[in-house]
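Below is one structure, written out as structure tokens; the observations come after it.
Order of writing sets the chain letters: A, B, C and D. Residues in each chain are counted from 1.
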Amino acid sequence: MSRFTDLQKKFKFDRYTGFGSGANNQGDRLLKTDGTFNVLRTGQSFIERISPFHQLITMSWGHFILLALSLFTVLNLIFTSLYYLIGLEDLTGIVQKESTGLFIEVFSFSAQTLTTVGYGRVNPINSYASLLASLEALLGLMSFALLTGVLYGRFSRPNAKLLFSENAIISPFQEKTALMFRIANQRKNQLIECEAQVLFNYHDKETGNRRFINIDLEYAKINALSLSWTIVHPIDEKSPMFGLSINELKEMSPEVILMFKAFDDTYAQVIHTRHSYTFDEIIWGAKFVPMYKRSENGKATELELNKIGQIQRVDLPNL
Amino acid sequence: MSRFTDLQKKFKFDRYTGFGSGANNQGDRLLKTDGTFNVLRTGQSFIERISPFHQLITMSWGHFILLALSLFTVLNLIFTSLYYLIGLEDLTGIVQKESTGLFIEVFSFSAQTLTTVGYGRVNPINSYASLLASLEALLGLMSFALLTGVLYGRFSRPNAKLLFSENAIISPFQEKTALMFRIANQRKNQLIECEAQVLFNYHDKETGNRRFINIDLEYAKINALSLSWTIVHPIDEKSPMFGLSINELKEMSPEVILMFKAFDDTYAQVIHTRHSYTFDEIIWGAKFVPMYKRSENGKATELELNKIGQIQRVDLPNL
Amino acid sequence: MSRFTDLQKKFKFDRYTGFGSGANNQGDRLLKTDGTFNVLRTGQSFIERISPFHQLITMSWGHFILLALSLFTVLNLIFTSLYYLIGLEDLTGIVQKESTGLFIEVFSFSAQTLTTVGYGRVNPINSYASLLASLEALLGLMSFALLTGVLYGRFSRPNAKLLFSENAIISPFQEKTALMFRIANQRKNQLIECEAQVLFNYHDKETGNRRFINIDLEYAKINALSLSWTIVHPIDEKSPMFGLSINELKEMSPEVILMFKAFDDTYAQVIHTRHSYTFDEIIWGAKFVPMYKRSENGKATELELNKIGQIQRVDLPNL
Amino acid sequence: MSRFTDLQKKFKFDRYTGFGSGANNQGDRLLKTDGTFNVLRTGQSFIERISPFHQLITMSWGHFILLALSLFTVLNLIFTSLYYLIGLEDLTGIVQKESTGLFIEVFSFSAQTLTTVGYGRVNPINSYASLLASLEALLGLMSFALLTGVLYGRFSRPNAKLLFSENAIISPFQEKTALMFRIANQRKNQLIECEAQVLFNYHDKETGNRRFINIDLEYAKINALSLSWTIVHPIDEKSPMFGLSINELKEMSPEVILMFKAFDDTYAQVIHTRHSYTFDEIIWGAKFVPMYKRSENGKATELELNKIGQIQRVDLPNL
């Protein structure tokens, strides 16, 4: 009977993590570097797939501004065409004669209406154009109301920015060893009531499937992440990594998954974030260099955020 | 003594679910297909019944846009009438003579004021019209402020879209059988810390009432709904379905009610949703076809959402 | 030794409720009928007392609209004065000569600027008036941004509207008696994961102080408040009301305080509400009339909200 | 072996508070008076450090208004320059000849466009200026949408304002002594389900490090903070302060840290706040003067907020 069957007996397996098994073969990561799950979703129609508000508030700022400009241009082009269709004699105050200039003048009139600037030199004088302009102004207001909501949604979305050490390390710990990694808050806002949960995801040679185990932590909760937090999984009898050589670990192609939860005091909301380390990101025999010290004037604690991943090579105890 | 009296002795009954008993006779569903309760509310006056914001954010987009257009038109008609009442000589810049054209010109002036476009060709020249126009512009701004709030409310309301298997199934499970159904997240946003609670709602022949029992699940919590989740109620000694034939089950006219709760990582809010299966939606002797696999390029797990309800007929063990 | 000293020994008293003791003498209610605490706050300066956003979102709609109109008028009067101060020759397009008409024309120009309508017939032609108008338009936009936020705050504030039975009753219950009252949701939105906590607040004859006791409930949690919920405090050995005659209860001048908590599915927020019953609102010997039944078409449960407080007189068991 | 080593054996130390040890030497406070942690964050680039929304909603109102005015001026200056660059012959309706007056006229036209007032006396007549003005109006709308969101963010941010007694006191308590301090709600909104956690932070002579201990409270939760709450840490065998003389306490340079959490009923949000007392703020031998009483008309409880810190000197029991 292999060591993996042993593990299977010792731990409650798989399902309660919600990550399934079997599909995720050796070499793949469950968690992408941006903290989202490495899952390809198929079998949905286009309509089922889109989710406008979700996309509007999660897209990059560059895309968002581009989208806003494009929509503004397209809406103006549509209304410009409609004013042409109705006939430009319905608009008074037009001065341009030449066709490009005229087009831009009508386009600008439309833009002035959509934005509700309404200078009024050019303005609708007959019924159709008047009603169309009223509708355009209403549409402008509604689009702008939408824009306000979306911008607020983008801003107010609590997005914890945590710093993670580039590597997890295997470190000496209380006469044994431990798996450690270090996190800190990249922002100045206060993260309190922090909780960490760590899953050990590995390839089960025997069944060819990947397995998930919830592993124990020295501390799973802290009051506040005001400094750094070194998350420590002691490699003792209860650990799936207990007694493994570096090569045995490599064969398991492990992925250590951190699920982090805290209360963000600025937004008064609970935030969640995730991170994972694969075998290549685990360093065998190292310890973290301290990243906080007394500040020079002696009045505060100085947290050096650029040291988050700094390690020092050390020997591991012979077990 | 009937089997139902037995059940009654074995389980803590009814009241703690909040769904009452007695009123809901055989053949009725407690939970409508949209997840709301099948309850008719009477005995309230019109004023007590309405709840404007709630209705504005839960009505369909079609109704919402229609309502916005109607309100805009009605407000403009009211102000147009008021300008007529004051006398059109209070407005300068009017060009239309014919009555319909004139009406539309005044209506458009009102619309330009309400939307704060204010081209200004037509504008109030005497005191009453000036003050009325000021008031209309203020009203326009306030309506628009309302609109912004309501639109944001509509968008930001967390509305989990879960996919449920069309049927619940009775499936072989660990040498016995189990009641199973399958859920997945229709959206790309991350649902974490998911919890399921399942109620078994049935007709108690003896008392003529309907009863509710909280039934056990193999797993009631998962870390993340990144793939699909098959919710499993093992039919063992502790199950109210234990030892029932398909006909006995039918006589109980059961409704299996799922109450689902998760943390939505995009909106940073807890979301709840509900679903139920009646006897006609329970298939006796089936298992779910796997709905995720390794993706073609081998780099991710592919979740095939259209397979959510796909089953395969199987024989059940003879118990 | 009196019965009150006995109670004091049997129950953990006072402080953990946060309501203190001693100050609240016989005849006073702790909880006002709107669910706020009957506490007069003194010793704060005016500045410490005000809390603008809190007041803006909790004041009545009537007051809110009056306040908005007043502010709009005052701001316009201030800017009108400033335009007069700069000199009306800085404004072009003015047509009124007579002083009242002129004043209203300037006032309306100011209103057109503040609301950003800007018809433009009257407009600033010299530097000071131009800059003042720019500032006024900016102020208008900022006020309007504020207004939008406050309106959204007013609307989105979760405000559970519960119906409470007008009276609490002493009712027969499992061969003994129980204190009961009944609640239902006045709104159509779904209230789930409901929790009730009931405090018994009474006058302690011996010390002259008021005391608070957390009393037991038959069920303190229900899954959903889709129908009505009768909250039941069994009057057994563990109850401070055990063995009391109606006169003994009256002497204690009791106040039964309900603290209710639920998750509102429409707003995705936890809501809290409170209610209390004093001695005069407790009926000795009654039971609630059922308030839900099968609907006429037999397809749903009908909840008759106007029956929330309907009772029927019954005899209590002789204990 | 020193008393500190003893403590170390008796209590679970340090790490689970998240505040680290070692760095924070004697004489420093962990918690600044505004409730933020006394931590200096270094090693981040400028880009990593900034967090625009967080800064916009936490800066003072003075700074915020100054920033808004500056941005408005700068944006207008940029667009003014662009109109000059395009050529003022593209704008019609300009009346000023003299260079300063002309500049202000163009600047004001820009402001009228950015705020969407658009009087229209001055307005763009050629293509480049027309398009630039359209863009400026769009930018104006977007800035304003942003402003609305930020203003709402500033207002809706739940910011509990608690009053803390100026001093913590050592007071007689149940034949021994206790460390006490007193809090009250400065606002009228209801704070319910309140929880307090108190950390004792002291200098460990032996190691030269600072240590953190979670200390016991008489009551750690109360139902509602409707009056005042005296938080009591009994100094018994389980207390790190047990048996210490005033001088021994001084040598430990203690900091008593309160972490407070409550549900704010107005905003329907959980709020957190923090406060700390250093040795100089702890009074040896005192008790708090009552701060609530029956109101004069006998109808309510009067809470005198200005008495929050009033104490009376008392002798401590000889232990």
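Keep this in mind: a residue touches a chain if its C-beta (ideal position, glycine included) is under 8 Å from a C-beta of that chain, and two chains touch if they have at least 3 such contacts.
These figures come from a predicted structure and were not determined experimentally.
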* List every chain that touches both chain A and chain D. => B, C
* Roughly how far apart in rotation are chain B and chain C when fitted on CA atoms, stated in degrees to the nearest 5? -> 90
* To do: Compare the two sides of the chain A and chain B interface and say whether they are made mostly of the same residue numbers, over half shared, or of different ones.
  => different
* Quick one: which of C-D, A-C or B-D reuses the A-D interface, over half of the residue-numbered contact pairs in common? -> C-D
* Asked: In whole angstrom, what separates the CA-based centres of chain A and chain B?
  -> 27
* Asked: How many angstrom between the C-alpha centroids of chain D and chain B?
  -> 38
* Asked: Can you list the residues of chain C that touch 2 or more other chains?
  -> 112, 116-120, 144, 148, 152, 267
* **Complex contacts: residues of chain A adjacent to chain B** => 15-20, 22-25, 27-28, 30, 36-44, 48, 51, 53-54, 57-58, 92-93, 112-113, 116-120, 123-127, 130-131, 133-134, 137-138, 140-142, 144-146, 148-150, 152-153, 157-158, 197, 199, 259, 267, 269-272
* Which chain B residues qualify as touching chain D in the complex? -> 116, 118-120, 148
* Complex contacts: residues of chain D adjacent to chain C -> 68-69, 72, 76, 95-96, 100-101, 104-105, 107-108, 111-112, 115-121, 144, 147-148, 151-152, 155-156, 161, 186-190, 192, 194, 218-219, 221-229, 263, 265-268, 292-295, 298-307
